[in-house]
Amino acid sequence: MKPFAYVSAPDVATAVRVIAAEPNAKFIGGGTNLVDLMREDIEQPDTVVDITRLPLTEIEELPGGGVRVGALVRNSHLAAHRLIRTRYPVLSQAILAGASAQLRNMATVGGNLLQRTRCPYFYDGAAACNKRVPGSGCDAIGGFNRNHAVLGVSDDCIATHPSDMCVALAALDATVEVQSVRGLRRVPLADFYRLPGGTPHLETALEPDELITAVEVPELTAPSSYRKVRDRASYAFALVSVAAALEVTDGVVTDVRLALGGVAAKPWRARQAEAVLLGAPATDESFRRAAEAELEPAVGRPDNTFKIELAQRTIVATLRRLSDRSLGVGRMA
Amino acid sequence: MVTLRMRVNGTTRSLDIEPWVSLLDALREQLDLTGTKKGCDQGACGACTVLADGERINSCLALAVQYEDRDITTIEGITHPIQQAFIEHDGFQCGYCTSGQICSAIGMLAEHGAGMPSAVTEPGATGLSEAEIRERMSGNLCRCGAYNGIVDAIKEVAR
Amino acid sequence: MTTTETQSPPRERAVGQGIDRVDGPEKTTGKARFAAEFPYPDLAYAALVHATVARGRITGIDAKAAEAVTGVLSVITHLNAPVLKPAPARSMLDLSTMVSATSVNYLNTDEVHWDGQPVAVVVAESLEAARRGAALVEVTYQEFPAAVDFAAEEANAKPQKNSLLGAGSAKKGDAEAALAAAPVSVDLRFTTPPHNHNAIEPHATTAIWDGDRLTVHEGSQAIAWMRKHLALRFGIPERNVRMTSPYVGGGFGGKGLIWPGTILTALAARATGRPVRMMLTREGVYRTVGGRTPSIQRVALGAGQDGRLTALIHTSVTRSGKVGGGPEQVTGAAGHLYDAENILLQQNLVEMDLIPNTFMRAPGEAIGTFALEAAVDELAGELGVDPIELRMRNEPARNPLDGKRFAHRMLREAYALGAERFGWAERTPEPGSMRDGRWLVGMGVATAYHPSVQFTANVTARLSADGTVVVRCGFQEMGMGGATAQAQIAADELGVPYEAVRVEYGDTDLPTGPMAGGSAQTASIAASLLAACAKLKGEVLGLARRSGDSPLRGQRLAGVEARDGGLYRLDRPDSGESYEAILSRAGRPYVEAAIGAESGLGAVAGQVRFMAKFLSDQRRWVKAACGAQFCEVRVDQDTGEVRVSRWLGVFDVGRVINAKTAASQLRGGIVMGIGMALSEETLVDPRNGRVMNPGLGDYHVPVHADIPPIDIHYLDEPDPTMPLGLLGIGEVSITGVAGAIASAVHHATGKRVRDLPITLDKLL
């Protein structure tokens, strides 16, 4: 780990002032990703600004029925919160599907949004990686890429975004509140993440001096759930995950939100599938058609082509279970 | 170098420490509390689990400097029936993951007691089934494969 | 835990009981100190720099930035390292030479033989400075072409005459012709990936020099051999080296040989004059400690319509490194399990520019039994015969290859008990016929098999006048419960309470123990301990007989038994004396017995005795632990996720010394086998030979949620050829596991996956 100066910020104003004044500074929350990246010399800040003492730990109900979550609410607390469990099961389940209890106790909401990829070539200083060293190439293309992306990829990068929580937030139309010395702004999650294109090292819309202060989630009335498919029964990153909310009225889909994890450089909102589903009968055929529409542009590699089929099957299975539930069909084992 | 205070196993300790030293290394190398183990140093095995204000965390991914004035409990500070249950149910072989398993189990029982759900919690369910224990303990690897004994030990103490 | 009924012993014996392991309190309170936890004043820390090319020559090292890091004491490279003597050539005539994991003379050469080989060591005042320094060392290389793609090297594999302690090939009749003529046959290709041990304790060493004397604290499975190796490398007498290993945080074979970290820590301590500690990073373990070889296997089986095997062919290709490693007994079990008329076994090996392979829990057999047992299941499917029934029809009375007797074989009993307890009869044979909601359910079985060997062990046992016993033997404890088991044995032999026995181990200052490998440690020590206890009793009886008023006067050893802390006549059970009475009358605070010689002619004689016994055992009979593995899997109908939902194993492991620890160890092998079957794979990039998943986040060992309750049964019938009738249990239970799972997955889905691990993408 490269030595760094440590500053503990007592309040938001100080935090954003310090970060604006230091050219190569990073905020640290729970540290679960940043400490690892610093230990691997992938992140090498000169200054680390500790924000864990900032008063951003509230979960509040919003007047319009939504919820505002402070950026420093820890993942475990968010997942366990009554409002989240009852109104946004998809969000609670997504968080609980990620990492381990210990990590969820440490990790913050803001930090989770900024998780970096687990691509092994990104982590290996001896490998070529455009994300780590722009212009150096991509060893994952032509290398081991079983866990890599099939949607939104470029010739420069096929890494995935590793978060589960963010997949649910993508489905929920969340908004990210960010603050800097220039003031406060709100970025819809849909605009928060960037696709790799020719600049895979640029991952979000966040400026280097901006601090995530909260995430807002609008009201959700449709039943929702999160399904994660992985190589172990627990404590593994997603091969494919699906965050879904589905309202079925008289056998017809009247509201649907769908997002995918493990398949793209960002939490992937499945707009194509939603368009197919809205107004369509809630049947396996519709679900399959919607899934096919979403994965139509997918690009597979030798190791990860299976994700295209797996994603479609997981979409269908997740929607089927939600649909069965809203039709009152008994849950399957 | 930063000077910081931390309560460790009920005693206030003062540490002179570089900010890039992890809580795990501070415990092991500076305070000689070697019961907390390093298995991966990347949050992937759980051997370094300690309790921070009663909550289980991975001390390998924690910068010690971030835990100023916090209350840290390591295996050396634990006296709990689960230790005997681990022995009786043979919840370990080599013993290297054991401190982490025990700290994790204590934290887990508290989380469950507080009503926190896991990925396998069915709506409305409150019991601590075997499936619940296994899911909630999945952040603690045991390569000797003592999982059955660990689950049995936890079941006994949770009763 | 249940066992079959056995005759109840005449009195309460410690052997067989499920006694809590003796180190439980230390391990559950954090007091047990492992190799990286011995405090020394003035301790320095070391970190490795790894080569990033598979084969080449170092052309330059720039250590300036590293040396500038605050706290860095020294950057040691081949340009400034102390001279090390080369590793001794490996020879069966001196088993300690087998401990050389590689032939590379680290930091005494500019040659690079694998991606990951250490090319520099940074020593610093702190762990953080050492690691930071290591990250800043710049090394340049001249790269040479390298053989790193196992699949591409298959054609270059060479037939092997030998493997680890066994034959590399065997032949009976004309198996190819019989296969061609067989009315029913399968001819299948299986592949398995490389695996890493992943003991949760990374390899760690603390090394301290005092003049020409070296003390090393090491997590080791072979302290005596490593001590000798270090003495040779540093050019000092063996007696000048002390290695301690009181606790080992998991080994599984990975700490059996001496890998660069150990040698370089001692070298760093020598170079800096400081006590040095080095715990490898998890990545460092992958880069500098070998693992299990990948394999390509062919299993071909021919049978008559009655299911009797006419042909059995099992061949394998595995790899070693050009600088070490060797063949593993992949086809070993195939020579012993089925009564085929014609048998052909052939192992082939290709040497590559990769870190050498090394033994990992049941080397060869773990992957060999996957292919063999999955193939037997496929043949059962072809024949339309129940897979257990097919095995029973081919269960041999004598060793199929050469007609040798089995020392012990209870596979029929294991299957019968297992089928009953598991509920095998409820299985409907048609693939895909069993469901539970969205889960497809499958059941599978396989045979477990692992040969038994014994090493030599020097043991002393001391019986004190107060009735306490100290057993001393420099063996290793990685969690098998060795000290607990030996205490139980000594307690019974000497007739003292189990609590009165203390076992000292894990230190080369003790009598030389066996290495912990080959599932041989417990039996090897037990053999010597039994002899030591007999000697002790003889000596005590001698003291009693010399005394005029002892009730044991005139008695011979065969006429007395040790019980209740003394010796008592068998013909008159109330007549005898306590040890305390005998020893205090004789004015002796203790008596002591030693088995085995430590040096000179005696040690050579011990070695010769080992080889003689090994060879004569091999000539006389085939001995092995075996068992029947039963599993139930669930496969998600949509996603292909496989979960093991039930496991039952019945093992024929001779006499069980400790019911609790034995069951745990058998479970542990099954857990590792489940990982091997479903998720474990070391990814070696075929473009450059670099391990690309060197961490526990990417190499998936099973977690709690992956492991169902595992029901262990054992038959508890002593093997007549082994001390106390015990057979090794460390490895047998991983064998067959992957075969059982592959068969269960087929039963659930109708799909045969012959390439491990069975990940969901192979089932879509």
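A, B and C label the chains in the order they appear, each numbered from 1.
Throughout what follows, a residue touches a chain if its C-beta (ideal position, glycine included) is under 8 Å from a C-beta of that chain, and two chains touch if they have at least 3 such contacts.
This structure is a prediction, so every number in the text was calculated from the model and none was measured.
Counting contacting C-beta pairs between every two chains, the top pair is B-C.
Relative to the whole-protein C-alpha centroid, the nearest chain centroid is that of C.
With centres defined as mean CA coordinates, chain C is found 42 Å away from chain A. Distance from the chain A centre to the chain B centre is 27 Å, each centre being the mean of its Cα atoms. Touching two or more other chains at once are residues 128, 697, 702-705 of chain C. Among the residues of chain A, those in touch with two or more other chains are 1-3, 39, 232-235.
Among the residues of chain B, those in touch with two or more other chains are 18, 20, 41-43, 134-135, 138-140.
Interface residues of chain A, counted against chain B in their complex, comprise 1-6, 8, 28, 30-32, 35-36, 38-39, 48, 50, 52, 76, 79-80, 85, 92-93, 96-97, 99-103, 105-106, 232-235. Every residue of chain A that touches chain C in the complex is listed here, in rising order: 1-3, 39, 41, 118, 120-121, 124, 126-127, 139, 142-144, 146, 229-237, 239-240, 306, 309-310, 313-314, 316-317, 332-333. Those residues of chain B that touch chain A in the shared complex are 2, 18-20, 22, 41-43, 46, 49, 55-58, 61-63, 65-66, 68, 104, 107-108, 111, 114-119, 121, 134-136, 138-140.
For chain C in complex with chain A, the touching residues are 52, 70, 128, 131-132, 135, 436-439, 638-641, 643, 678-679, 683, 685, 687, 690, 692-693, 697-698, 700, 702-706, 759-761, 764. The touching residues of chain C, counted against chain B in their complex, run 20-21, 23-34, 36-37, 39, 126-128, 197-202, 247-252, 279, 281-282, 478-481, 660-661, 663-665, 667-672, 695-697, 701-705, 707, 709-710.
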